[in-house]
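As written, the chains take the letters A, B, C, D, E, F, G and H, and residue 1 is the first residue of each chain.
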Amino acid sequence: MNKDEIKVLLEQVKDNKIDVVQALEQLEDLPFKDLGFAKIDNHRELRVGYPEVIYCEGKTVEQVKDIIKFMLTKNNNILGTRATEEMYDAVKEICEEAEYNKLGRTIVIKKKEQQTTESYIAIVAAGTSDLPVVEEAYETARILGNRVEKIIDVGVAGIHRLFSRLDEIRGAKVVIVIAGMEGALASVIGGLVDKPVIAVPTSVGYGANFGGVAALLSMLNSCASGVTVVNIDNGFGAAYNASIINKL
Amino acid sequence: MNKDEIKVLLEQVKDNKIDVVQALEQLEDLPFKDLGFAKIDNHRELRVGYPEVIYCEGKTVEQVKDIIKFMLTKNNNILGTRATEEMYDAVKEICEEAEYNKLGRTIVIKKKEQQTTESYIAIVAAGTSDLPVVEEAYETARILGNRVEKIIDVGVAGIHRLFSRLDEIRGAKVVIVIAGMEGALASVIGGLVDKPVIAVPTSVGYGANFGGVAALLSMLNSCASGVTVVNIDNGFGAAYNASIINKL
Amino acid sequence: MNKDEIKVLLEQVKDNKIDVVQALEQLEDLPFKDLGFAKIDNHRELRVGYPEVIYCEGKTVEQVKDIIKFMLTKNNNILGTRATEEMYDAVKEICEEAEYNKLGRTIVIKKKEQQTTESYIAIVAAGTSDLPVVEEAYETARILGNRVEKIIDVGVAGIHRLFSRLDEIRGAKVVIVIAGMEGALASVIGGLVDKPVIAVPTSVGYGANFGGVAALLSMLNSCASGVTVVNIDNGFGAAYNASIINKL
Amino acid sequence: MNKDEIKVLLEQVKDNKIDVVQALEQLEDLPFKDLGFAKIDNHRELRVGYPEVIYCEGKTVEQVKDIIKFMLTKNNNILGTRATEEMYDAVKEICEEAEYNKLGRTIVIKKKEQQTTESYIAIVAAGTSDLPVVEEAYETARILGNRVEKIIDVGVAGIHRLFSRLDEIRGAKVVIVIAGMEGALASVIGGLVDKPVIAVPTSVGYGANFGGVAALLSMLNSCASGVTVVNIDNGFGAAYNASIINKL
Amino acid sequence: MNKDEIKVLLEQVKDNKIDVVQALEQLEDLPFKDLGFAKIDNHRELRVGYPEVIYCEGKTVEQVKDIIKFMLTKNNNILGTRATEEMYDAVKEICEEAEYNKLGRTIVIKKKEQQTTESYIAIVAAGTSDLPVVEEAYETARILGNRVEKIIDVGVAGIHRLFSRLDEIRGAKVVIVIAGMEGALASVIGGLVDKPVIAVPTSVGYGANFGGVAALLSMLNSCASGVTVVNIDNGFGAAYNASIINKL
Amino acid sequence: MNKDEIKVLLEQVKDNKIDVVQALEQLEDLPFKDLGFAKIDNHRELRVGYPEVIYCEGKTVEQVKDIIKFMLTKNNNILGTRATEEMYDAVKEICEEAEYNKLGRTIVIKKKEQQTTESYIAIVAAGTSDLPVVEEAYETARILGNRVEKIIDVGVAGIHRLFSRLDEIRGAKVVIVIAGMEGALASVIGGLVDKPVIAVPTSVGYGANFGGVAALLSMLNSCASGVTVVNIDNGFGAAYNASIINKL
Amino acid sequence: MNKDEIKVLLEQVKDNKIDVVQALEQLEDLPFKDLGFAKIDNHRELRVGYPEVIYCEGKTVEQVKDIIKFMLTKNNNILGTRATEEMYDAVKEICEEAEYNKLGRTIVIKKKEQQTTESYIAIVAAGTSDLPVVEEAYETARILGNRVEKIIDVGVAGIHRLFSRLDEIRGAKVVIVIAGMEGALASVIGGLVDKPVIAVPTSVGYGANFGGVAALLSMLNSCASGVTVVNIDNGFGAAYNASIINKL
Amino acid sequence: MNKDEIKVLLEQVKDNKIDVVQALEQLEDLPFKDLGFAKIDNHRELRVGYPEVIYCEGKTVEQVKDIIKFMLTKNNNILGTRATEEMYDAVKEICEEAEYNKLGRTIVIKKKEQQTTESYIAIVAAGTSDLPVVEEAYETARILGNRVEKIIDVGVAGIHRLFSRLDEIRGAKVVIVIAGMEGALASVIGGLVDKPVIAVPTSVGYGANFGGVAALLSMLNSCASGVTVVNIDNGFGAAYNASIINKL
């Protein structure tokens, strides 16, 4: 409600075209409903196919079940991340179509059909140990309506395997690079493609890896310019970002 | 402007007691001026004696001078923290009454008289090397209108000195404890007084002190329950908090 | 016992109004009973309703039971923090009225009625995962005799939810902000209220969160001036502090 | 050179349409010139207006001058980052049109006209101390051919200032958020916009800020999903990424 | 395929000695098969006795079994590191000759005879707690075809024990030093021998040892010049390196 | 065997007073037996009552049993630290007189009577949670033949309790201070006594305690001059040192 | 003043042997003068030759001069540590006999003769770069009245040099080991002597040395039992401790 | 001197073939000269062309000059590392042939001719900013008598440049990889060559690089097996190691 609209309203009051109570109703919500930030609240559900998201870690099976029960009432798609199998079993009881990705630890419930993008997100991963993060990213990107291509096991220690998949990677609109240990893959790909690269350090490694810190620092210090980084093991965040970019 | 006030305004419009343009003027600022969060913007100056604050570190002499020049137009008290002498000299040129606390690195400009609280803030410090932080806290608390008592050089290595000043410390409404090295003073005082204790770790120390981290961790882990902590060397923040509490 | 009182005592001795043994009894305790620091020892129980506190973590079920058994002899209120259900079961055997807050992991035993403050402490939390710390803070503040209002799930990612509760937060005498992940909520609230804000970083998060360090650093570096910080997950400490301030 | 092209070439050899030496010349470069990764080398200059970039830190004035001298022979636009004024003076001697951004420490040389995008990058910064990073990002985004809008001094401690600029931020195709201290601004904006947000922690702060680590961790742990992060003070990297996205 | 070979090929095409299709076949693989990096792919298996290596940590029993099943088809020697007994049992089912080193957590499958070097690798370890890393290094060096001598329990706290084994250590072509706690052994041996010393910090220790970081830093800062370091507990990496050197 | 003794020996050879074989026997051991460092090896057992020590952590029950079986053959006293109850049960089978300190996790076997010192070691601890370290130190000091006094639960948060035990602490020849959380007790005692103070940080605490690092840094940065530090939870090391000093 | 003495006093009052005012004088100081902790205050000066100590770092030349001027009035020996030459020049003006140790950065003023111990402290250092810390320790130990022997440049990289000085080291009553880089010397000496070893890590080193942290961790994790540690570069603290032990 | 030789000596004494004094002379040095570790002392100079090495950092110009003056008396080659130009000027005064490598900060004095190896060490570096470390390694390897090839500016962001130099790298007997920022080059090369790779992290970078820690961790966690690591910026150590290997 901009200045002009308020003016019109006031003139309607003055001219007795609407009464004070009605005018009041429209004005009193002004600060919260009409302000930019208020729109935020509902914008996600409004778009077709945007899922509800629930981060299950640190929640009890009971809590997860209750939250999803409530979400189901909105008839939206639902994505649960970091979910245990036990959680999935509980959710299954209240929702037949719930699907579980064991590696990625995601619960996906599809209530609405959703258009898939033509352009695709490439998810590139260094090793098989990075698969849990790959799968979390994959499920997230999918439920958000993206076409996705996975290119796995192309770590820099055997760099020719990476080159043989280069066309696929370059064909994507945005690239997610997932790597643990020293995370060098992000820099190498960053130097080979001219698309936005979102790097996900994984906690794969041991010793002076410090649960993914080695890969995280490596990616933050990447000598290739086209790389941004998300938190360790944050496959969801990377895919969420990639989806925004893929749909621009 | 609450619901009732808007209603009154609308009725005045209806009754032609004020015209649409005037009503519009009052309403169009609604989201920003009258919303709770909008009040924040101006609330400091509105209270008598509340100073404008400028954090000078990382600013050029020129920038500091310009900002203070602008602040002077509001005729408020002004506090500059982390100010160099060079900055002070530049400010002095545009404002005769500016005062500089060399140890505390503060510039203080008093434009308005200010009531001083009856209850006082005790600033307790372990050693003479902590004086710069003491002075920053002192000047901040003073310009905010507080009575302040300084109790210096009462580190735990000579604990009887602390005890001989205990009454003074206990007499305060809120206590700021400033200590570097291992910061043990905060725990000892926290166990001796029943007032809010705000601990300020200082960067005084060397080696495995890591620029105040030893004292910071010590204070965060205090075995005494009545202690909260601010950032290393943050005398301003401690005094600002203490002032809020002292004026409750 | 000050100088004048000792003088009176000595004169009574001289005048044979009390005998030497009686005088000795009063004097021999002087260093420990009458010194300022000695008063500390008993001050908590003396005030009506002040609880005994036991930190249960790292203690065996047996030890917790024994300590509480002893505490019960003093007929005081009792607060056990970081208590397991197993501990609670053991305590329940010796004290019927013991209550357990499963989320907050507290055992509360109310032996004495206690006045509740009129002013209240607002406990504001970012997400549902922060609830264990919220509940610890809540139980602590309650047993210390404070009125408490909880405002939950108002994280900065959906900032309009925070604004819709702003009046409640501003109405408090002191505000506890509990947040994990990046802990931004403390800064946002610090900028919106003019009351003492005690920030509690929680260990909620993963990866480069380092068990709450991200939120801790965030809160220590808050750009809002009115914020002090306690240790990660230290709901008890925050509430203990808030209670001191609330009762000033 | 794909399979078909090689076949054509071989047939030309067979038919004596080109001689062996000519064919050899085309084939011997095959592995390096025509392979995907080889294209990388030249792809930047080939696009109109793509600048050469030189990171000046840790180089001598002499070295910077020499490198730029060589770059000038290619007649491309040039961007020097982290450049001192002394470096600029040296460059000025060999190139009249070199421009220096003192705050951003960039040298910009425009040799070619460049189309500017219609969509824009919003650069949002918390405080005036973050300006050096803002300017580096600004100059980078500009020389890469982007329309840019700067929204400065909208830190979360005075959140209404941020809201008054929200439309401008939301109008952008991609948002760069630059903040030091606790870096909360990234989370707040991440929750308010539905565009890719690239967060740049700055080294602004002191004590337990650790040269930007507090803001870095804060941003990596952002509770808002749409946020990726670059290295501390890396205005260049953020702008480079934003430019790729802005031009998708 | 170098320039001369391509020339010959082209001349054969020209002279119709081979037809275009055959020539094409040879040329089209050029970028991937003949480039230096492409050779890498197969180089390990080509050498007699070089084992396939599988890092089992973070893989399921099923995965390990499947991978080894596939490896067995190549009839090569196989080394599994960080393998649990459960994994071994599963592998045993599909391969009778699989052997398990319980301490070193390695699975070894010898399919081919292998020459053992005359020169030997000395594996020197500080204490018995370092044995798991010793055994991993030992099995790795053995399956790679090296003669190995183990010198155990010669920590610096009883330095005469080290001296009594000095000849054995000096007789080696390359020395692996394995030590936890403060890792001083690497420096002492580095000062006593004139052979390449590869230091392996182990995670043996507690408190301020930080899971091997103390030993790691100690070794990286060794005052003896002849020492290089691998990751904490990385017995495999040390032995792999030592083997390369031993076979030079 | 010094120069003069060797000369005498050679003259005896020359004069045929002893034959070559006998002389050779004495000389060939020279480098190892007679050198200073060679004496080290046996010095511990030679002294009455000096125990064999075995650090059990990271060893299997079997290994611990075997090592102690071997140690028993020397008929010495034995101290096992960081031992589980399961280890104790196994040891008990081969040695009736083995005793287990459950809190301190020590196994003690007394084979020889031992003189106890007249001077005593004071073991002072902040809280009951520090008891495991207290007990490890106690058992170590006892088996090494020291009189020991324990002063427990005298943390700085209730400093008068500490003062009431001060005479006992000051009466010791050497003081061990054991404290977790912020470890302030070491500084306070360091300022109150004029004896060597050995500080042991414990891993008691949570959050920003980092497993004892807060106390460790606190103790290393102690403002009291008479304090040295051992590793976190290292009750054994502290007692071993204290014993050396107590017996000077 | 114990119970019996107070009783005597009271009886004297009763019997009019002393008047109330005199009795009062003795009693009113009771809490501060006669309590154990009060004795601390003066104990240092009371012993012959005990110096006043001033830590000069972080103080201005003026402040150092003023403090020493005041100290001179007590006619005691004085030790200034971390003093610059400029400070020394200022002190020289007010005290002719002040001496400066340039390497150790100490100012020493001898006002009283002092007995030197017969037993000695051995100060052992790894390299010539550790000399500043050696000299600080040396001057401290000397002014405290100890005989001191320095054994320099016996780092573990050339371990035979250490052995050739072993008798000297073993002859000491207490050993200070000063070493930077990896600090292995402390462990080696700890294994060779049976005296208290106080280890001082120095900040000598670079890269992953982190200003002495590598040596600090190394020493805290020493595999030799007889080692305690002080802060990085804390030669004063080590010598102060060694002196207490040497005089037991 | 082994057992047989001692026997022969004793028999010569017995038979009066040599007198007691001569025999004594040979025997009295036994512990130090003939023991294995004693040989160490002189082994470097004994080999032709082995240089004396002096680490100049933290030494005064005077000290460096004096040490080199002494070294010159032995007529050996000399290598000074981390030397300033001022040091070089001082050395130049006493030794005409001293040469200074400004980038590498080395002083080299060649007094003896030296054979150069046929096999070579490849020094591979990511960027021009790594040149100081490259030059230190180069000068070290050269003065130790090695043929060296430098391959510069082949960072992974432009990986085709690396491939065009691959043959040169593979031709080496040992490869030194020098890289800052994220240090990914070590992993890429480790995967491409089958020679020992010694990785040197450099302190090139900013922000979350932490002075080379990012590259250090990256290299320690390298997914390529053939990589060992030395300290940050330790070009000397890498070359010293490489030289030992190159001469095997």
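Everything below uses one rule, namely that a residue touches a chain if its C-beta (ideal position, glycine included) is under 8 Å from a C-beta of that chain, and two chains touch if they have at least 3 such contacts.
Since the model is a prediction, treat every value here as computed from it, not as a measurement.
Novice: Between chain C and chain D, which partner chains are common?
Specialist: A, B
Novice: State the smallest step count from chain E to chain H, taking one step as a move to a touching chain.
Specialist: The fewest touching-chain steps linking chain E to chain H number 1.
Novice: Would you kindly say which chain has the C-alpha centre located farthest from the C-alpha centre of chain A?
Specialist: G
Novice: Comparing B-D against A-D, which pair counts more contacting C-beta pairs?
Specialist: Here the pair linked by more C-beta pairs in contact is A-D.
Novice: I'd like to verify one number: the distance from the centre of chain B to the centre of chain F, where each centre is the average of its C-alpha atoms, in whole angstrom.
Specialist: Centre separation, chain B to chain F: 50 Å.
Novice: Using Cα averages as centroids, what's the distance between chain B and chain G in whole Å?
Specialist: The computed centroid separation for chain B versus chain G comes out at 39 Å.
Novice: Return the distance between the CA-based centres of chain F and chain G, expressed in whole Å.
Specialist: Roughly 25 Å separates the two chain centres.
Novice: Would you pick out the residues of chain H that each touch at least 2 other chains?
Specialist: Within chain H, residues 35, 37, 40, 158-159, 163, 191-192, 207-209, 213, 216, 220-221, 225, 231 contact more than one other chain.
Novice: Using the touch rule from the top of the page, what pairs of chains touch, sorted by label?
Specialist: Once each pair is checked, the touching ones are A-B, A-C, A-D, A-E, A-H, B-C, B-D, B-F, B-G, C-D, C-F, C-G, D-E, D-H, E-F, E-G, E-H, F-G, F-H, G-H.
Novice: Along chain E, where are the residues that touch chain A in the complex?
Specialist: Chain E residues touching chain A: 32, 35, 37-38, 40-41, 55, 57-59, 63, 201, 203, 211-213, 216, 231-234.
Novice: Residues of chain A touching chain D in their complex?
Specialist: That would be residues 35-37, 40, 43, 53, 163, 166-167, 170, 173, 191-192, 194-196, 198, 216, 220-221, 225-231, 236-238, 240-241, 244-245, 248 of chain A.
Novice: Under the stated contact criterion, what part of chain H meets chain D in this complex?
Specialist: Residues in contact with chain D: 128-129, 158-161, 163-164, 204, 206-209.
Novice: Which of the residues in chain E come into contact with chain D in the complex?
Specialist: 3, 6-7, 10-11, 13-14, 16, 20, 23-24, 27-28, 30-31, 34-35
Novice: Would you mind writing out the residues of chain A in touch with chain H in their complex?
Specialist: Result: residues 126-127, 155-159, 181-184, 187-188, 190-192, 205, 207-210, 213-215, 217-225 of chain A touch chain H.
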